[in-house]
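As written, the chain order gives the labels A, B, C and D, with residue 1 at the start of each chain.
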């Protein structure tokens, strides 16, 4: 790893020598450049995570610039090819585009099967449905819990679709693993490190949503928590960030998709539903996600959203979802990608080498 | 116009009566709803702009909610059909998709003509080039000024392209109008109201970029300044907002495009170059803009960006721009739009009624 | 509770009637005001939390404005007097100003006792120290865990100070309750609802830090989770929000203190250490917190910060802390408050009635 | 000046050599440090402003880190002592604390004199009043213009107070200079560079408000525009930034005050009125500004705010202002400062050396 110490303009020769000495003590090679105003001392070697904060406090130091990113297993520097994850035969990542769809919350058996069948018929490859719902109000519907998990497993089996559901508590990891195929870590839990460690100890894929104010580095560090436990099946998801713009619930940061792809080999999805907060914006944002190169989208669908117990306003109706799937397929094909449910699942060439738009 | 006054839970009967009396004095009809905790008093009638702030201060008032948007001429409520602007035969808005391209700054005659020819050949319909450059440092290149304007006019004539250039000072409006076809109001001048009034007095189209921290309402109010002077040829542009996310220069707010289209009849462009700050992200963001329904994109192109005097890192090379034009054309066609330089310029059906993706 | 439905300008008479009918079905009284452009329908009655989202989706509805805040137990509307919490004889809230201090992490027995003694001598009333450290990197020091808790309890006993430590996992609530006097919920866990429910079931005070992108309403809803379980001893803490301003780690939102006090009866602290990220800004921000009316500050102190295993750069040295305590005392006295360690602990008049600066 | 080029991990030896060659061509001395993953090349010498962007585009370059701040005349590195500005005998900066007060807009002779007299009596040292009001709506009251300027000059003379008023158009600089003592550059014009150049050519003090999304570096670069024209009498003002937090109009960034003071010798004020947007928060925020070391505050006062033509809700009443002045005086004294109107105007020792709280 590498870093650069920038000295204050008032730093003395002794201050600079002390920094070089401390670097030597840390086993780092120091390279010094004296400018008119500032001295910069670059350090290379095996740098411990906490070295930055310790060097920052030496007398005469203005700031320390970490040159290497703090994540390793998530980084494309050490793992150049796109990670492609096989989930019951569905391939996620690389040139494959997958659509995850279903109701926000599992409210009843009828609803789940009705919506599940609709999204399956339209071409979605993975079924979503929440059993443990994190709600900002303690008075809101909190999900069906275990009963919801069982319904989800039943629907997944019957429709022959892998399933994804949110886990919010380390104590629930075991039971969720019994019933669902993919763990979803919600935006509010992106830095719930104990939860990340717990799912990292399983062999199930983990779908991590970016926190509403998380930087991309922080998102990749959360992935690193899971990867560091030996679970390499991590999928990331941009779902909108909190900004001053209050016309939508969250500002979908589409540029995050190519930026993450440049830095990491992990697949990146987009969640247009939570970003928009309103169903009429969902199709446009879903298409924007795929056009910038996302490995897929996750969309909330409901057959009677005005009676939904959770986030009805952002749920797309089944008919609109069917149309959206066709639009997504067309856009993905333009980019040289394939929407999984229709495409050849065996293709594995890297997107950035495949004539995609980011080249 | 309409508003709602929400009373504090501690408001007395006299406080409520006083609000109703003040509304009556303002010529407004008051409708009162008494709840368990709060009383709400709705007012309808011809409400002056400053009434909100005055009512907000009466004793017992918690807050005043403005129900009607403060812009009128920019609003789709009073002008339902998309505005389509004819600029020397180029039609902007409605189903037409236009690409504005050229160098950031006009640096020399050779550069401008070389880049201009390249973007024209690739299919761009309007030529951009900066003569007055607003730079955050007084020590940076500030543009060629009048000499730049003359070169731009010459290039526009030779290439048979309408031209756009930024105006930053009310004193320059007259001279810019002599040489260019479209005024660009930069993000930093979006609330330079004197400048807006000045270009509003001309008959040239005005291209207003959203300020980096402006709400959509504020952007439409700036458009209202121009419209209120009798100039109805206004084009809006989303160019990225300032957020905590620092991996790119600005966060392109793609959801702003459909949100503006729901509220206003004015055409909305997207500027991927200033949002990205880096050329390798520009194509993806340009495509995202068109896929969500933008009336066009404005892209910076340079034939030798590593020697550019301004914003070289975000300039796309001519060869990549040619490829981008083809990609944009394909995506626009999927959405039922036409890229102007290739398409039938006479089509004028409204986008939202034409089977586009937002329906 | 109360809400207002704003109809679109294109809503029909039938649309409006349907909204009124749905309100009637929900048991709400509807009051309608027809304006030139918009109709507003106010509803009063016992409104379920999910009604807003359901009404929002009816045909012709533009938006629904929730007039009443969604929290109840945390609200000053239902509990007018300041909550004052007694923690082993230390009174928190109302006119009392308390300073919580200690090292970021418990690194060793020696460090904890050295720093603990220093802050006690200087006048701090509560001892802090982290045993379970949530770190953005899995490779960083994660705290001493149970060993740390035992050291903290020992130090608290010896120094006769109540102790506070962070809990990050619902599974740790029981053991933390055995050793510490106050639960700290960190900013990253502000919406870890299972954790909030778990500490809500205990009788220990809960100190909740505002999430880095949480609104004040969201913070109060998190408090509501704890309160709803029967634990009424909740303390809030503003610790800096994430904004575009990157000169400091987080932007301390001092206006949050009086805004929270207007809405809630719960005590509000300020954390200058995490906001600043650098020790030289800590005293100024601590003073700003007290001057705007905070019930106290929480400050990180370290006797050898350049060797600290966590957040050394923001730790204040013991000597500077002693000076800060004197400054805080002076400022608190000006405002008519008392710093607990010196003051009369029995005073319980409300701050806003006591000649404080917010009157 | 100094900068560091960070190479990509994939950069070749030739790429690195090419960067060093280009630095040599620019007349810079290059210092190279090769790490395990990355090579860093530091450059020292006389670096042109645009070099950063040009180096950033060379093959194999990941990014360029500008080590030296881009401002010079505004920097404390080249001008260590606090700037103290004498305005008709009032000293601004250093240990002096000044309060600027008056109505938002000059609405009438009676109002201006009534409020002016009240703030003078209470201890304010400079009189504010807007003649050219930048309003987000073209339909709002825009100020009295020249008539307002004349009233302001008359009031300033009669009350023996220097005056400040906003200038929004380069064409108005001359006339404003005739009537007022200090130019105010509003937040929306902070990057109106032509306006900055124009006031930079005068010898009147210039009071620059930070833009609502401006970084501190950008604010200091705007000061540099004025300073570069030979006008060294610049005062800065933090007035709240735009964040996701919408409970107040803008989030007052109190940490900006000490951060600016560390970087620049120019006096920094705080504007609590525009940040709060509501009068009941103004005193707390004003005190927070002074407690963190501001050189003063600018406060809007109105004797009948519910009839104000502009921003009435944030105007403090004269009686509350009088109390605030006393509170400000007490807090300033604690910090070793003096509120000008009472204090010894000849003291000129630097604040940071005077036992202030930031030491």
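Keep this in mind: a contact is a pair of C-beta atoms (placed from the backbone, for glycine too) under 8 Å apart; a residue touches a chain by one contact, two chains touch by 3 or more.
What you see is a predicted model; the values in this text were computed from it and never measured.
Peer 1: Using C-alpha centres only, name the chain that sits farthest from subunit C.
Peer 2: Of all the other chains, the one whose centre lies farthest from subunit C is B.
Peer 1: List the centre-to-centre spacing of subunit A and subunit C in whole Å, with centres computed as mean CA coordinates.
Peer 2: Centres of subunit A and subunit C (C-alpha means) sit 28 Å apart.
Peer 1: Centre to centre, by mean C-alpha position, how many angstrom separate subunit B and subunit C?
Peer 2: One centre to the other, that is 39 Å.
Peer 1: Using mean CA coordinates as chain centres, what's the subunit C-subunit D distance in Å?
Peer 2: Roughly 31 Å, centre to centre.
Peer 1: Counting only residues that touch at least 2 other chains, which ones in subunit D make the list?
Peer 2: Answer for subunit D, listing residues that touch two or more other chains: 213, 242-244, 246.
Peer 1: If you connect every pair of chains that touch, what shape comes out? Choose line, ring, star, complete or other.
Peer 2: Shape of the chain contacts: complete, all pairs touching.
Peer 1: Note which residues of subunit B are touching subunit D in the complex, please.
Peer 2: 49-50, 53-54, 56-58, 70, 134-141, 168-171, 188-189, 191-194, 197, 211-213, 218, 221-222, 224-225, 228, 242, 305-313
Peer 1: Where on subunit A is subunit D touching in the complex?
Peer 2: My answer: residues 1-2, 4, 6, 9, 29, 31-38, 40, 42-46, 65, 67-68, 77, 242-244, 246.
Peer 1: Residue numbers of subunit A touching subunit B in their complex, please.
Peer 2: For this pair, the touching residues of subunit A are 213, 215-216, 241, 243-248, 251-259, 262, 275-276, 280-281, 283-285, 287-288, 291-293, 327, 330-331, 334, 357-358.
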